[in-house]
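The structure appears below as structure tokens.
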Amino acid sequence: MRGFAAIVKVSLRQALGGKRVIVLGLLGLVPTLVMWLSSRNLTAGAAARRFYDAPFGILFLMVLPVCALVIGSGTMGDERRDGTLSFLLLRPMRRWVIVTAKFVAAWVASTTIVAASGLLAAITLGARSGDYAATGPIVLAVAISSAVYVAVFMLLGYLTSRAVLIGLVYVFIWESSITFAAAGLANVSLFRIGVTAYAALVPASRQPLNEVLGSLAPGAWGAMAKAVVITTLAVLALASLLRRRDALSE
Amino acid sequence: MTSSPATVRDATVEVTAVSKWFGQKVAVSDLSCSFGPGITGLLGPNGAGKTTLLRMVCGLLRPSDGSVTILGVDPRRQPSVYAKAALVPEEDAVYPALTARQFVRYATDLSGAPRSRVDEAITAVDLQAAADRPIAGFSKGMRQRAKVAAALVTGPDVLILDEPLNGTDPVQRAHLIDIFRRLADEGKTVIVSSHVLAEVERMADRVLAVVDGRLAAAGDVGAIRHAMADIPYRVRIEVGDTRRMAALLLETDVVSSVAVSGSTLHVETSDLADLGRLVPRMAKQVDARLTAFEPEDESLESVFRYLVHRR
Amino acid sequence: MAEGVVFDLGYRPHEGPRLGRSGARWALYRDGLRRVLGLRRRMRRKVFPLVLMAVAVMPALFFVGISVVLREFDAAATFFGHAQYFELTGIMALVFVALAAGELLIPDRVNGTLAVYASRPLTTIDYLLMRTASLATVVIGFLWLPHLVLFLGRAWVSGFGSYVADNWPTLWKTLLASGVYFLAYAPLALLIAATSKRGALAAVLFLGVMLISGGATAALVDSGFKSFGLLALNQHPGYVKDWILGSHAHDWIPQQAGFEPIVSLVVILTLGALCGLLVVARQKKAA
């Protein structure tokens, strides 16, 4: 337990330290800024629709993936590149415990930044429309989507030094374009998992989100279950790789 | 494992017929040896396979063939053995944003060791003054010491050090060697890979020499030299009447060449023991004063050079 | 008395021509080209630039092929005009610049080899100019090559001389537009690379800034905040390109905000100059 907590603490410091968190934080302010400015002088209903037009999309399609990609791919990738992976592996700790601790740290870091961004945007929506019902669900949705993105990018970051390139292609080409083209492809879209949880908890969002995202199958429990399955598989896969593969630094 | 200078009786680390290849490149080839209490020096030229061997011993690399155990256990299958083993790697495996104290404490927490050891370990490597500074600002020698402290803090029974003296100044080097020596005296297994041959010669109880991925020699330095029967010994003899001594020496069967330089003779011989018996008698015969009889190539450096050039 | 002797082991000082600062700059430029294109490096470093270039040129070759087979240039058979072609290659250039900028500036700083350059007849400005020049060569070449192929292909089937005489401004206009795209993307990418320790991280942050600025400013301009149209960083080069080529490929955000193309050009040049100054300051600090 002590080792687990130590890994989480040091990894959080690595993820949230330095200039990158400032840049990510500033990017995170964009949805709020857009919401605040674009919903001025609008009715409550119009303000709510405006929220799903751009700020919501910017949050889930841009801010969240960028944060998760930066933090997730660096979680194991940076340890390998810096040569500190051997420091971690030569401990009397099971590999899945080490990986889980790294995942928890990356997830908390990513969720903190993006959830703060979402929360601010939702509070702004509340201030404009008088309806603060979105605040809790948006944090939950961010947490769910963040978990799956971070888990996948963490695995990718360990597997290849081109993780960022692959992640970019996935996020900005696959998720932002191709999955919109066909309803069936929505099932392989990670950000939608969190959005379906949100839609389940905020019924008023279903229609505007359906218009923007296409078919949406709302379900908070289903979303959480998917997230748990995906993150568990990713963590176990990474733990298995750590056990079987040679720990070579780059 | 059959008995040989490459193995020890009370082994804590056993390497059995281990090979490792990376694609077409064979880094270690069918190497068997063991390590026990005391300091074992692991030597070899660059690219010999020392680091690969050490990383296999630690379990960071999987042997392509053969097996490695630490305290009877395969470290890749049972990470619990890492509570009793520690590695100080050659590369800069530190967290730059952490201070030395935080780094050592991190090692303590990960290994489940008591936190009271943190200050002890930092004091042992003489890093007290810089303990609360970020490692990013450390010199190479200080980073080395931080790594050693992080390894010592876990109280390992097996300590593996890959080029631990790199970047350290002579005072720090002596200090670190004292630490390794103390651990060895306490019955710990210390494996040191180093290029600083003079220091390894000073501290190691036995050496293993790796050349081209294979074990080239093992055991005591002097014994290894004696085992190289095909290479003549070079001996320095200081004597009063060098010319008459040289003439007498050349008449014997055991001497292959003599070089005269002032009052010094540099002799090549195939039988050191025989020569050692003959030289005092010859000195008495020519009524010359013998002041020195010293083998010139029993140093580790000479042995190492012979081993490398034999391939 | 102790004696000493030094034996000549064959070392000879360089007695050939000293190429001086221009030679050093040229070497730096060539090194930059190699890094960006992955030349003299492992195959995997070449894959991405080669694939990108192939994808960029393929449509042009395809259309030229169709035209040659049909023995005529049919505008209807050519799906992309020069202006639309930039829509495809512009996005590729954005990703390419994001990754290449880090490759040019980060390794020297992180590996400590800036000191090697400092001991040569090179200034910080020389270093940055040559790195930028190598990036510009590849990016502008990559953006312009398909247009050259398209132009020559059309000329081939349309009566070479007359086509060239009538349409040669297309060549310099597409070259100029390619330069605008480079100026719009490269300075910010280089600035982010100059402050990062990891190329991948710099690439993601640069792309994040470019894409988020586009999405955010679209919403704000739509809501009546026209001045935010100036912050649509990934839209300005397209708007200027349409102005240069006299086309209307897209409803650009700065255009929707009511700005003239010259304003977009000023934004590009101002941001470029500002980023350039910051990169110089940062690099001098790091050297």
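Each chain gets a letter, A, B and C, in the order it is written, and its residues are counted from 1.
The definition used in the following text is that a contact is a pair of C-beta atoms (placed from the backbone, for glycine too) under 8 Å apart; a residue touches a chain by one contact, two chains touch by 3 or more.
Here the structure is a predicted model, which is why all the values come from computation and not from measurement.
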Treat touching chains as neighbours and tell me the shortest step distance from chain B to chain C.
-> 2
Work out the mean Cα position per chain and let me know which chain is farthest from chain B.
-> C
Cα-centroid distance, chain B relative to chain C, in whole angstrom = 53
Rounded Å distance between chain A and chain B, as computed from the means of their C-alpha atoms | 50
Chain-centre distance (mean CA atoms) for chain A and chain C, in whole Å, is 31
What part of chain A is in contact with chain B in the complex they form?
-> 2-3, 5-7, 10, 13-14, 17-18, 82-84, 86-95, 243-249
Contacts from chain C onto chain A in the complex sit at residues 44, 48, 95, 99, 195-196, 198, 200-201, 203-205, 207-209, 211-212, 215-216, 218-220, 222-223, 225, 228
Give every residue of chain A touching chain C within the complex, in rising order.
-> 19-20, 23-24, 27, 30-31, 33-34, 37-40, 50, 53-55, 57-58, 61-63, 66, 69-70, 73-74, 78, 81, 161-165, 167-168, 172
Going by the contact rule at the top, pick out the chain B residues touching chain A in the complex.
-> 55, 58-62, 76, 79-83, 85-87, 89, 91-95, 97-98, 106-107, 109-112, 150
